[in-house]
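One chain, chain A, links the two complexes that follow: it is found with chain B in the first and with chain C in the second.
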Partner chain A sequence: MSILSVENLKAHYVTEKRRKITRVLAVDGVTFHINKNEIYGIAGESGCGKSTLLKAMSGLIKPPLQVLEGEVKYHFDDRELDILALRGEKERREIRGARISHIPQGSMSVLNPVRRIRKSFEDIVGTHLGIRGGSEFEELVKSHIEALGLDWNVMHSFPHQLSGGMRQRITIALATILKPDVIFADEPTTALDVVVQRGVVQLIKKIKQEQQNTMVIVTHDLAIHANLCDRLAIMYAGRIVEEANVDDMFQTPKHPYTEMLLNSLPTLGDRSVRESAPGAPPSLVNPPSGCRFHPRCPKVMEKCRLEVPELIEVESGHQVACFLQEGRVYEQTRELGANYH
Partner chain B sequence: MSKLESSARTTIETKSNAQKLLQVKNLTKVFTKGQGLVRSTILAVNDVSFSLELDRPEIFTVAGESGSGKSTVAKLILGFEVPTSGIIQYKGEELSTLRGKKEFMKDVQPVFQNPFETFNPLKKVESYFHETQKNFGMSKKNGDVAERCLELVGLSFREISGKYPNEMSGGQLQRASIARALITNPSLLIVDEPVSMIDASLRMSVINLFKKFKEEQGVSIIYITHDLATAYYVSDRISIMLRGQIVEIGSVKKVLDQPLHPYTQLLKSSVPLPDPANRWTKEIALSDMEAKEYGQKGCKFSGRCPHVMEICRVREPDYFEVDERYVKCYLYESGSGQSAV
Partner chain C sequence: MFKKFFIPRLIQYFTVLFIGITLVFVIPRLLPSDPVATQLQRMTAQGQYLDPAAVEELRESLEELYGLKGGMLQQYLSYWKRLFSGDLGPSFTQFPTPVISLIKMSLPWTVGLLLASLSISWIIGTILGGVKVSFPNSLVARAMELVAMGMRPIPYYIMALVLLILLSFIFPIFPMAGGYSVGSKVGLNMRFIKDLLRHAFLPILSMVVLEIGGWFLQMRNVASNLVEEDYVVYAEASGLPKSKIVFRYIMRNAIIPQITGLGLNIGFIFGGALITEIVFSYPGMGTLLYSAILAGDYNLIMGINIFSIVGVSTAMLIIDLLYPLLDPRVRYQ
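After this line comes the complex of A and B, so read on.
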């Protein structure tokens, strides 16, 4: 059962300077569904639109970002919710934190540097549950942070007194104290040391297990996706080019871009030569025509330059946007058809 | 400073007497913070020794987490910082006499982490090529040497001429930064986290450059990184740093295939593998003693080490030679530590 569905979403940054309109096609026709209780990964390079997609999914649309088309719908147990249709800020604030929450990348900019950690917890618990201080507050927070393996004493510290990894764990504790249905994590482990990174992955898994919520992990690091996610979408230049469950994605990638990304990853214990694809990711102001990967694709065909490939299901649960696959599916159905007659 | 004197006993002896390109011996750097009563000191680099051979170009990795002192080592070798004690010899000459001398700067060139910070945003990229040539009294015929160096990194002078840094992609700019370093025909490149700011699909194109320089131009490279996977892929020897000290040093295949020091083992097991079939299953203990470890008596890892013994907390271990590498750990005191782990 899906808890979140995104249909043909187009979110562009539109700016005007001297009557010249510039349009950054950050999210350009994205469709996917996230199932209840799964960890869904979105991978892509910087500037592929993955953070913009995340903004649109949590309803954070502020100029110059505009949603031109499409919808983002939540299917909670008790209600349906079209987050882009919410008008009032009050309504949106109620949803955020309690129903959906957000683990950000830079933990230093989240926690107020001049207030103790406890204050941040008081803010969020007070706003949403109306519990302000007292033993009820202490009990609630204590049970939560102790379940996450944090010490109660950190509540009395200031952010600068804690290490980067500790701060990130506090931020995660803050984001999950209200047991939200959906948690978005934007590059949750980037800029952390490897040992600390492993601790954060461990923590995210633990929360998932205890609270049974749905998680969306956005990061460029495919190794983190491999470790954490159930299903994975690969984004390139504002579009999803491939979606599959993690095992299939890593074992049998089908899009040339995914193949190339996976082949370029160096691994411990393997010193065979790795190559990067030629060229660089395109600008989203003026993206290439047709398939946006075609200028870098080793298997480019004439058709790729002219037409946009659709995301089609080639195997159960494995979707790819590439004309090479379309050909294969066509062949298969023709064979099937021939057998049938 | 009795601690420094006592630790000066331990040196990693090098067996061959061939002339060294670079010899670092008991290098120590102490940073002081604050003044008067709140004055505190941090041993950023603590008794570090290693050397590079003159006639055998190699890629030597200095790996460690943030705060391990790896970047300080680079700054000390480049002469940006003055060591508190210890010796740095370049081609047999003391660095203190070489610092600021043109021949030295010509021979040892740096590449930094973030290319957008390396280049002044208000200056054209090509001006760095002109200036480097002028500063080192090289051919005035611009384009000649620059063109050759840019070709090595897969760019051409036409591509960068007239451009400001913001008009180029991170990958292009980093390659330009490497090309600039090659203009003077250096014998030693010091590269500090050169790919951490570059997109995943372009990373290997930069890493492969270093391999090519070593093989074709005979350039030795000190590769400073936290990324063990690329280190394994590209380097010949590796040293693992922890809180200012090298804890294990040897050939990269030996050290990373079968790490001996418990810290190296933890580090290796914390590198996420891009393989969903190989997820982390064992939980690790999360520590928050990052800051405390600097002042730790004895072995810096003793607070977290699963094999900790009484002596580890009291006295700092020497380097023990085991299986073609040096390990700073009492487990290997007898010289045949294999059974201990």
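After this line comes the complex of A and C, so read on.
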């Protein structure tokens, strides 16, 4: 059963400078569903629109970001809603933080530098549960952070007094204190050193096990996906090009871009330096025509330059947007075209 | 923290004082005019007849008074010695009143004017700047921005003159000059305080009107950068209400550079206060300095300079020392 469905979402950054309007097609027609209790991964090179997709999914839309089309529907146990259609900012706010929450990038400083950690917890708990300080607050927070292996004393510290890894753990505790239904994590391990990364991954697993939330993990690091996720989507230039179970994705990748990404991954025991994906990701202001990957694709065909491939199911639960996969269909279209002339 | 924060600031403070006060000693001695000769000339020009022996005696006592006796080093040392004993020499226009007591009389007026105008303009400007950033597209916010930008380049004396002409000449609501009405009984009673406030109103207003714009714009710049900070974006993503985000996240952090700005601008604002005083003939240091310059009263000019240097640097030091109270990153290093 899906808890979140995204239909044909288009979110662009529209900026105007000296009467010239620039439009970055950061998310450009994305459709997918996330099942309840799964960990869904989104991968892709940096700049392909992953963070923008997360922003749109949590309704954090403010200029220059605009949603042009599409819907983001949540199917909570007690209610259904399209977060982009919610009128009031107040309604959206009630959902954010309580029903859905964010684990930010490891390098980010999301804790207010001039206030003690405790205050950040007070703000969130006070806003959503109405509990303002006192023993009820302390019990709630203490049991939560101690379950995550953190010491109560960190509550009295200021963010700058703690290590990056500790801050990230605290942020995760903060994001999960209200047992949200859906957790979005945007590059949660990026910029942390390897040992800390492992700790963060363990922490996320632990929370998932205890709270039974649904998680969306965005990172360019495929090793994290392999370790954490149930299903995985590969994004390229604002679109999803492949979606499958993690195992299927790693064993039988179908999109040339996915293959390229997996080839750039170091394998165990292999000491040769892996080439990273050749070529550079395209500009999202003027993306290539047809399949956006075609300028970098080793198997490019004439059609790829002209038409946009649809995301189609080629095996059960395995969807790909590539003309190579619709070989038969492709032949038919060509015959049809030939008959026309 | 003591070592890392206070010691460097104290060293800086004393270095600035030392250099500033030394300059006050050096600069007049680099000027081609000889104050003693000028003074003697003035006396003879007034038609007094002085025999040469008396002139010589007078020259000697004048040199003594100006601290011009002996070699440079000797002069410099006795300059410091006299400073430490609080002796700035006598004033020449109001001989033999010591310069120090003239300054003591006018200092409270300047300090009052500065404190009142600074605190009012800083608080209002800071709050308005925060409001502007929180509701950037509201009509009021945009209007404030336009007004602030328009006011910024206006010099102090123009604003003071405009208000003076408008509100005490054309519409005689406020007194034209002075710190209190002539002949009023000085004391802590309602009547005198009211009179004081009526006289202080225009000078304070003219400074406040000019300075609000500056604080407003600075706050706007700082806060509009803060809006993009991770912790503000995250607070929004956590569903915190706007009021909490504005006060506890944006404004609370923007206060720190606002305080730095206070320290950086205090010298400039002090200068503005002196000029404003002159326009309103307010009995503070500005008016005192003005009359001292007109009369060529060297000792008085030097004394006022020394007091200005000490006053402004001390104010900057105090503001610096407030810093750790507001920023835990400094407090707990």
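The rule is short, and it goes like this: the second predicted complex is superposed on the first by the 316 of 341 C-alpha atoms of A that agree within 3 Å, B and C clash if a C-alpha of one lies under 4 Å from a C-alpha of the other, contacts with A are read in each partner's own complex, and residues count from 1 in each chain.
The rule is short, and it goes like this: contacts are C-beta pairs under 8 Å (C-beta built on N, C-alpha and C of every residue); 3 or more make two chains touch, one makes a residue touch a chain.
The structure displayed is predicted, hence computed values, not measured ones.
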Check your understanding: Put the two structures on top of each other at chain A: do chain B and chain C fit, or clash?
Key -> fit
**Study point:** Angle at chain A between chain B and chain C, C-alpha centres, nearest 10 degrees
**Key:** 70
Exercise for review: Using the superposition on chain A described above, determine whether A:223 touches chain B (first), chain C (second), both, or neither.
Suggested key: first
Exercise for review: Answer with first, second, both or neither: which of chain B and chain C does A:247 touch in the superposed model?
Suggested key: first
Exercise for review: With the two complexes superposed on chain A, say which partner A:30 touches: chain B (first), chain C (second), both, or neither.
Suggested key: neither
Exercise for review: Using the touch definition from the top, say if A:194 reaches chain B (first), chain C (second), both or neither.
Suggested key: first
Check your understanding: Comparing chain C with chain B, which touches more residues belonging to chain A?
Key -> B
Check your understanding: Which partner does A:261 contact after superposing on A: first (chain B), second (chain C), both, neither?
Key -> first
**Study point:** First (chain B), second (chain C), both or neither touched by A:42
**Key:** neither
Practice item. Kindly classify A:109 by the partners it touches after superposition: chain B alone (first), chain C alone (second), both, or neither? Key: second
Practice item. Report the closest approach of chain B and chain C over their C-alpha atoms in the superposed model, as a whole number of Å. Key: 5
Revision key, fill the gap. Going through chain A, the residues touched by chain B and also by chain C turn out to be none
Review point. For chain A, which residues are in contact with chain C within the complex?
Key: 58, 60, 89, 92-98, 101-102, 104, 108-115, 119, 123-124, 127-128, 158, 160-161, 174-175
Check your understanding: For chain B, which residues are in contact with chain A within the complex?
Key -> 65-66, 169-172, 199-205, 207-208, 226, 228-230, 232-233, 253, 256-257, 266-268, 270-280, 283-284, 286, 288, 290-291
Practice item. Note which residues of chain C are touching chain A in the complex, please. Key: 229-231, 233-242, 244, 248-249, 252-253, 256, 326-329, 332
Practice item. Could you pull out which chain A residues touch chain B in their complex? Key: 45-46, 149, 151, 162-166, 169, 193-199, 201-202, 220-224, 226-227, 246-247, 250, 257, 260-262, 264-271, 273-277, 280-281
